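Both of the next two complexes hold chain A, though its partner changes from chain B to chain C.
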Partner chain A sequence: MAARRAWELIGPVLLVAAVGFVGSLTSGSMEFQFRSVLVIATIVVALHVFVGNSGVISFGHVSFVVLGAIAAGVATTPAEIKARSLSELFPFLLDLQLSNIESLVLAAVLGGVFAFLVGVPIMRLSGLQAGIATFAVIIITNNVFRNWDRIGPAARALGPIPETTGFLQATIGLVLVIVVAYGYQRTRMARMLRAAREDPAAAQSSGVNIYRQRLLAFTLSGAMAGLSGGLLAHLLGSVTTEVVFLDLTFITLAMLVVGGIGSLWGAVVGALSIAGLNAFLAEAEREVGVFGFDIDLPSGTRLVVLGIIMAAVLLFRPSGLTGGRELSWPFARRGRVAPGG
Partner chain B sequence: MGEAVLQVGELDVWFGPLQAVRKLSFALQPGEVVGLVGPNGAGKSTTLLTIMGMNQPTSGSVRLGDRELVGLSPETIAQLGIALVPEGRRIYAEFTVAENLRLGTFGRRQADGLEADLAWVNSLFPIVDEFRDRPAGQLSGGQQQQLAIARALIARPQILLLDEPSLGLAPTIVDGLFDALAEIRKRGVTILMVEQRAQLTAEFADRSLVMRGGEIVLTLAGDEPLDPAQIASAYFGA
Partner chain C sequence: MTDLIQSLVDGVALGSLYALAALGIGLVFGVMRLINFAYGEVITAAAYTLLLTKDLNVGLRILLAVAVAVALSLVMEFVFRPLRVATPATMLITTFAVSFLLQNVAVLWFGTQGESIGFLSDLNRAFEIGGIRIRWITLVSILVGGAFLAAIAYLLDRTDIGLQMRAAASDFTTARLLGVRATRVIIFAFILSGVLAAVVAMMLAVQRPLATPTFGFFVVIPALVGVVVGGLDRLLSATIGGFVIGFATVMLSDLLPSQSRVFLNSVLFGLVIVVLLVKPNGLFLRGAATAERL
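And now, the complex of A and B:
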């Protein structure tokens, strides 16, 4: 039983390590795409912690990613460049200089605090209402960041941000969020939240405070999304509010749905497979050679193909590629069926 | 009559233009088993759900000892010592049997005695232990009902609310279920049960309240012989 449970963590970590290792053997734009895949997967796992456990769809998680990205970017962009190109920033932000790791911690803390503040009113909602409210959050956040030049680059690009998200950092970042997501899943709080996902009324009558559990998961998930934003900023070396907006919202949700919304394994498989395909299609839109053939896809193909895949999965395998189940122990025997009665 | 453990007073519940419960008043004595019977739409399940805080009454009160429950959330009411076994079992099909049972502990007021309660529940419903690692959705209907009651009992409730526990079960399984309820009664747990099987309930319970149109129209004492004509009249009106 213990080995079976450990496998639910070891399996995803081994897959991530394998992707990180293979990626480290590549070079050029392919190498960058591999690192992107790992960072995007970090966002998806963060999203899973809330969406997977609560069953409530969040369109707003990219708000925490953009906050983390801008916070980490502002905190690590050299002061002399900020003074020159972002002179409207609040003075304390102009003076702020943090190391790579410190900026990631800041991104995670801010992501968590923002998620908590947003979650206090929104986590009282359920179903479609909660989804629409979280969508409002990403719209508001994007507009605030795009127009308020005292806290970020506004409509301009933020950078140059030190590009410290190499393979090691990207892999460690993803493994860290997987470990935290797994650890959370094993807690009594997560069990309460999953019970509420399955049957809110039954959970309440068992003494589960659904609002409190959702808020807790939303905050934890927001902190992880903030960290992912920090990793993203240090991957790209330059951030605009448009890079971290609706495209990213759509694609990360698509990864979660394709992989299987209810499990950590589904989040990892969905993220790595769709992010990999997404990276390939992005390259193909700029022309890429595969086995001697040149593939040059028209602009926009990427999102069309991903949309079709998402719709196909919803049609033919609604619970995702993994069936929404954790990775099963490969040496398990099939159990007998309970006798009737 | 001693001091009531639960007192329902002048309860009115409306769903839009429809009144489901009208000026309903009754009390449960400690350790008493009370049945709520009556035709469909009589307001039986609404009464249970209102006690549990899942419906808000328009007026009236529900008191647990000297504590008013109206306005409290279901989880608070669960933590105060009332457990509901909802209609249709409502077990968590994808969770294992053991996980389902563990969820019942969230409503416990005290941590001590859990091992002993678990042993008792296992002796009452051996399938809970036997199939502990199996997804609860794989259990049969009767086994799921046993699990649902076990999950409620592990919270060590003062009052157990049962909504249609025999619904959809074969007669032999229902007999086993009532045997288990008899054991639960011996423990001093107060039981309020909604049932369609009026005769079985009336024979088992200390009292049965026949509801129609949201009101109590007849009270049957458990030791009284049943008069089918009187029951039919209470069910369908004179």
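And now, the complex of A and C:
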């Protein structure tokens, strides 16, 4: 039984490790694509911690990603470059110099604090209202970051940020987030939250404080999203507010749903498959350019194919690729279905 | 004083535009419980139709824009059929995926640069009454918006299909049990919302004559927010919600000091959050019947 339970964690970790390993054998732009798949999967797992357990859709998580990315970026961009190109920053931000790991910790802490502050009012809402309120959060965050040049790059690009998100770091980051997500999922608090997801009235009458549990999951998930933002900044080497905005919001949500809302396995599978497909198509587009058939192949082709596939999965398999269940022990005897968690 | 009146007039104009979009969203939501993010792309499609028919005469262009919007709306109705039994989360994200898809089709087809639509641009000229400059399009927006709202109110209030739609909107299951044909009502709602999308596209095309892949998206987002803020469960409250968002946008941007005007969206969406917290069922729903949902 213990082996079966552990498989819910070991399965995704093995898959991620395999992707990381295969990726580390590639080179050039393909190698970059593999690393970005890992980082995007980190965002999706962070999102899952809240959305999967609470059943509430959050359009706001990219706020924590963008905060993490800008914080990590500002903290690691060389001081002399900041003084030149981002001179409007608050003085303490101009002076701030952190190492790579410190900047990731900072990103996670800020993501968590921000999520907590936002969650205190918003977690009282549910359903569509919660969706719209979290959507308002991402709009506000983007609006502030884009126009307030004392805390970030505003409308310019932030960088050069040291590109330290290599394979090892990307893989470790993702595995870490998966382990935390799994650890949280097994706690009593997460069970209470899932009970509230299935039947709010029953959960409440059994003494579950839905607001408190949602706030906790939101904060944890925000910290993880902040961390993945830090990883993203160190992956890209330069960040603009537009890169981390609505497109990313919806792509990550779609990955979650394509994989199957409600399970960690679904989040990992959805993220890796869609992000992998995305990377593959991006490479394919480039390839065509290389052979000189059509240098200006519109970059939209990739997104159109991606959109068709996402819409098709959602329409014809609405519970996602995994059906929202955890990975089950592959050698189980028939007739004994492990509960989905 | 004249400044204030000027703002009020502009606010009413943008408000009626958003109210039309909100009504288009609300009609479909009423019969299907579906928030259609891809509604913006119906508006965009109508705008591109106006662009592609530049050389034709105005009447024909209007006709074609309506036809394309209704056709796309009907295709969406068909595509979204499997969603009738899906969870709200899946519904929401599927329509978003469709919106994302159509936007990227537009990028592929027309590029992101934007092309000038050139539709009735004469309406941008202004006339002056007592020191207030009013553009013709402002007047036309208010009149057309008001006329369509009245027409749809009449339709819902006085016709059989309207009665069925209202019945379906307030309790879909019971309505079906009483003999309302679900598919027929849903198709009708999509047709109406398609017509409204074309109207919104035309009003907008005069004022912002650049057809881009996100032409409709950035109308639908505030309209959608207005729908939820106003209260989804009634068409009237949803429509008023759309109006209020448009009106508030103009008023806020005129009231805010010019250097903080860039933060208009923050103020607006901050207010949205406050409203949701204070009245989660909608600003304009009196004696909300729905219990506090968790």
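Structure notes:
The rule is simple: the second predicted complex is superposed on the first by the 320 of 341 C-alpha atoms of A that agree within 3 Å, B and C clash if a C-alpha of one lies under 4 Å from a C-alpha of the other, contacts with A are read in each partner's own complex, and residues count from 1 in each chain.
Basically, contacts are C-beta pairs under 8 Å (C-beta built on N, C-alpha and C of every residue); 3 or more make two chains touch, one makes a residue touch a chain.
Predicted model only: the values in this text are computed from it and were never measured.
Among chain B and chain C, the chain that touches a larger number of residues in chain A is C.
When the two structures are aligned on the shared chain, A:Q204 is found in touch with chain B and with chain C. Shared-chain residue A:S29: touches no atom of chain B or chain C.
Looking at the shared chain after the overlay, A:S99 reaches neither chain B nor chain C. Of the two partner chains placed by the overlay, neither chain B nor chain C lies in contact with A:T187. By the touch criterion defined above, A:A195 lies against chain B but remains apart from chain C after alignment on the C-alpha atoms of chain A. In the superposition on chain A, chain A positions 201, 204, 210 are in contact with chain B in one complex as well as with chain C in the other. Remark: chain A residues 51, 55, 57, 121-122, 124-129, 131-133, 135-137, 139-140, 143-144, 146-147, 196, 200-201, 204, 210, 247, 250-251, 253-254, 257, 261, 298, 300-301, 303-304, 307-308, 310-311, 314-316, 318-319 touch chain C in the complex. Residues of chain B touching chain A in their complex: 52-54, 73-75, 78-79, 83-84, 86, 90-95, 99, 102-104, 106-108, 127, 131, 133-134, 138-140, 142-143, 151, 155, 173.
Residues 35, 79-80, 82-83, 86-90, 92-94, 96-98, 100-102, 104-105, 107-108, 111, 224-225, 228-229, 232, 262-266, 269-270, 272-273, 276-277, 280, 293-294 of chain C are the ones touching chain A in the complex.
By the touch criterion given at the top, residues 1, 188, 191-192, 194-195, 198-199, 201-210, 335, 337-341 of chain A touch chain B in their complex.
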